[in-house]
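What follows is a pair of complexes built around subunit A, which joins subunit B in one and subunit C in the other.
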Partner chain A sequence: MDYSLRKKLGLALYIVFLFIPIYWLVIMSFKGTEEILGGLTLWPQSFTFDNYHTIFTDSTWYMGYVNSMIYVSMNMAITLVVALPAAYAFSRYRFIGDSHLFFWLLSNRMAPPAVFLLPFFQLYSSVGLFDTHIAVALAHCLFTVPLAVWILEGFMSGVPREVDETAYIDGYSFPKFFLRIFLPMIRSGIGVTAFFCFMFSWVELLFARTLTSVDAKPIAAIMTRTVGAAGIDWGLLAAAGVLTIIPGILVIWFVRNHVAKGFALGRV
Partner chain B sequence: MSLVLDNINHTVNGGSFLSNINLTLESGSFNVLLGRTLAGKTTLMRLIAGLDKPTNGKVILHGKDLTDVKVQERNVSMVYQQFVNYPNLTVRENIASPLRIAKVKDSEIAKRVQETAAILQIEPFLDRYPLELSGGQQQRTSMARALVKDASIILFDEPLVNLDYKLREELRAELRGLFKERNAIAIYATTEPHEAMALGGNTTLLHEGRVIQTGAATHIYRHPDTMEAASLYSEPAINLIKGRVTDSEVSLEDSVHFSLGTELEGLPNGEYVFGVLPSHIGLAPNNDDDLELNMTVELAEISGSETYMHVHNEHFELIVQLNGIHDYRTEAPVKVYLPTHKLFVFDLTGKTVQVPSSIQKGAP
Partner chain C sequence: MQRKVRDNKAWFLVLPVFILVAFSAIVPIMTVVNYSVQDIFDQNTAYFVGAEWYREMLRNPALLDSLGRQFFFSFSVLAIEVPLGILIALVMPTKGRMAAVSLILVAIPLLIPWNVVGTIWQIFSRADIGLFGYAVNAVGIDYNYTSDPTAAWLTVLLMDVWHWTPLIALLCYSGLRAIPEAFYQAARIDRASKWAIFRHIQLPRLKSVLVIGVLLRFMDSFMIYTEPFVLTGGGPGNSTTFLSQALTQMAIGQFDIGPAAAFSLIYYLIVLLVCYAFFTAINQLDKAK
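Moving on, here comes the complex of A and B:
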């Protein structure tokens, strides 16, 4: 067997291995509870859409997705609006303590999220933000903003300062330059940043669960509470899991070119 | 109608970049800033453009103080050494961008973009993106953007450095033509004396943040005020040898003696520094009063179709500029001929005492 064929085979095995859990999740979501608990089957014996039907008709289920999407979008928007100017300042201006501040921002990510849990919970409860989407979005900003500033700063530093100056000389005011010239030049970076914000906020469970109760409860939290009187509904849980993966796949599909470029150029 | 730089000083982080710059540049003139790297050319241009503010001093355009006017309102344009374009806009939109921002009518924009693109010969590429073009075409695009608006000051910061030799010659020749009918003040920075000479116009010689001399390019060549000016204008650098003049003869470094010819006659006795251009030294005698020197080759470097030969004896070193390509082994003995009637004479403070008459009259 020649080398390249062996390589291909090895890679194929690796991918199959990676996909086993996902495959198991997908087939499980089409099975009934008895079949799941009954024994090992590689393919659903009685193919059923009941699990999906339950999720799409029961508002306690599908509102979980809606809630998650709302605070994830909010988080992405807030993060970009805040991080773009900050990253620009770090990449273009020298000011006292700039490098320390830059590092300090990153060091926020080093603290365990649980440390921030209690203060956030107490603060949000006392100002009446508890169980709102914005509460989760803001809490997640603590982690996404430093990351976003760091990624965007890398991309912005890749744009020569002369471009800024040429734009000013051409007559662009700063806001016009920033929106019309600069942002399009770093759109890969923005795509990558948005992707990382999504990745973090979509899967984050601790904050999302603690800071919500009913109105803004995310899907991940709902999934952890599916223990009914008849035990755990495995099929339903699997279907919810599959539906949780799908938005991630969609986002990756849309930003895949930018991410590839981002990995090559920037600071990811 | 002119641009006046009034006693400009600029310091950054305690280091002085420009000191006591006083210049007047007339409308419709082509000005060359000549100086080596770190001479302050770019700093001066940034001050004129308004990208930086001078530590003290004033920038005055047509009698109006511009020092505190923002860059957007100065009506200047600038071309950098790097090819700076907006990569997300087509060449057409790149050129149009200063006009769009100034809210010029669409029909007018289309017309002016077309005209400027035609002058710079980039019409076929108008709908492409800058990064799809060659370096020369990219630089033409940024030049077109600088020329399309009626700027009162147009700054060129070594725009041709990153281009290959042929393109450089071609664009340089075109550039001179572009400014014939404009009433703008063009300022062109370069490190190369022969580029300054080829472009013509008024030359300002900058060195370490000071203005050394101003005047027409050929005038500075023929009448350098100081040793610094003469050596900045010579590429490779002028050879300088200390010497003493007595009643009848000159001795260089107390080792080489020759009699005062007609050229140096009347020079008062004393210590001087003598300068000779590398191109004036030859491998064969040209004239009766050529001084034969036995030297040792240190290095022969080939630059284009010329050879710069570094030679030395125990007292001094010389650079000899030879036409054509010559191979010399290191440490090889060589006879060079130094024309004593083509010597620059400077006093010990660096002031020019005498320039050879062949330089004063001759073509640069």
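Moving on, here comes the complex of A and C:
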């Protein structure tokens, strides 16, 4: 179908609406404090990299990014390893309690974090995982795993059962079939799932902040440091914010083909 | 749907997921239940009080207020984001390079950490340093979200629309892509109007993704915490103190863990019930057809 001009204009306006706040954050990060407080300028009058310089030279700052990346990667790996077989089970078999199990998995997302954070802290402290990356990764599995199972199940249901049956007749064992034949067939699904795991783990703050203190502290928690005795250092805050957006853009750039293909299959 | 084989051995495949989620889910929820029936003074002194906290919480005006505010906020969020999301999904390009580019651009707000979303809107809408705040004031409307409750509420709403409409748009976009081209060809032969195509071809196909989208948006907007906390801190007054924040103040600020736990469980039940009712209603509608 041909694209009408009205549609393009509407979409363009929406994208502008999405990007104006981000634009403001980005240019704010290149301004000095005097300029920010002195008045409104649409483009930095005195372009400065000081804010970024502060972040990249202070290890308490940049380690926050490293910590966040470590637990997000761990979360992606753990989620995929456990969710792949489970999604296969949901897509191919009926078993006792299957629908209840799925609703239970989803229902864990619905617990209000405010009060649940305290028992979380106690639980992870009691097993000696407090202030480790793995603790945050495991806690985030609470909402990434149900989502991953749901997405992967959609992709796996798209693969005909005959594929499985033919492989077994040809003498493949289940693990061999699963790794050699099945997984390559749902590559796009795995890409999309990894993307969504990244998305939900990277943006989460409450669990990450509660379960860490020094060694595994995420960047989102470190950002609160910009509130000092002399008020908020807006430029530094903006620079830290910009640096948290970049990994997201990189990830979506790398998986863009998978995501587009995943969307084309009609399953997010 | 494909035929599925009945086989309980499939549980072995699901077991890792079950153990992993149970570890993080069951112990904390039992601990909260435990808190909610006790009056806790310190680590070693606690008294069993039964359903006392539950009775008290259901009569607490401050919490009931924030519950009302919460329902109103979630409803407003859904009323704006769902139609807008569908509209955007309809205008997004379907093929070629532009399809991938617009997909990526629209997805970006979803990839920003939630507290940074709050920060972005703080920087953007403050009357002194923000482009938006400055522009609105320049037009002649008196706008300062740090002192005016209505402005604060609207700013939080606008921020949520900015942040989460892309999720609905992407879900609907994927639903639309699953409609075979033949459906549209048939509609063209029948000379169906744009509205008829939307009403009878596109909307029915969007139903399953919209169910997921509405559920996710309801849950998340009902538990909203980080973004308004960064943007307004719940103020001015109590105008943007939503339920999560009222609870946090109670649990950590005043250290009333028992009552806060009792209310958390009520809160959890409300979310579960609404989602379950919604789910069942949709399934009933399906059967009725």
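Criterion: the second predicted complex is superposed on the first by the 251 of 268 C-alpha atoms of A that agree within 3 Å, B and C clash if a C-alpha of one lies under 4 Å from a C-alpha of the other, contacts with A are read in each partner's own complex, and residues count from 1 in each chain.
Just so we're on the same page, a contact is a pair of C-beta atoms (placed from the backbone, for glycine too) under 8 Å apart; a residue touches a chain by one contact, two chains touch by 3 or more.
Since the model is a prediction, treat every value here as computed from it, not as a measurement.
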item	value
Subunit B versus subunit C as contact partner of A:V163, first or second or both or neither	first
Partner chain in contact with A:G171 - subunit B first, subunit C second, else both or neither	first
Which partner reaches more residues of subunit A (counting touched residues only), subunit B or subunit C	C
Touching partner for A:V203 - first (subunit B), second (subunit C), both, neither	second
Which superposed partner A:F56 touches (first subunit B, second subunit C, both, neither)	neither
Touching partner for A:P184 - first (subunit B), second (subunit C), both, neither	first
On subunit A, positions contacted by subunit B and by subunit C	160
Subunit A residues touching subunit C - in the complex, by the definition given at the top	1, 3, 7-8, 10-11, 14-15, 17-22, 24-25, 28, 36-37, 40, 42, 78, 81-83, 85-86, 88-90, 92-96, 98, 101, 105, 107-116, 118-120, 122-123, 138-139, 141-142, 145-146, 149, 157, 160-161, 198-199, 202-206, 219-220, 223, 234, 237-238, 241, 244-245, 248-249, 251-253, 256-257, 259-260, 262-268
Subunit A-facing residues of subunit B, complex	49, 51, 71-72, 76-78, 80, 82, 84, 86-89, 97-98, 101-102, 142, 145, 149
Subunit A to subunit B touching residues, read off their complex	160, 162-163, 165-173, 176, 181, 184-185
Interfacial residue positions of subunit C with respect to subunit A in the complex	1-11, 13-14, 16-18, 20-21, 23-25, 27-29, 31-32, 35, 87-88, 90-94, 99-100, 102-116, 119-121, 123-124, 128-132, 134, 162, 166, 170-171, 173-175, 177-178, 184, 209, 219, 223, 225-226, 243-245, 247-248, 251, 257, 260-261, 263-264, 267-268, 271-272, 275
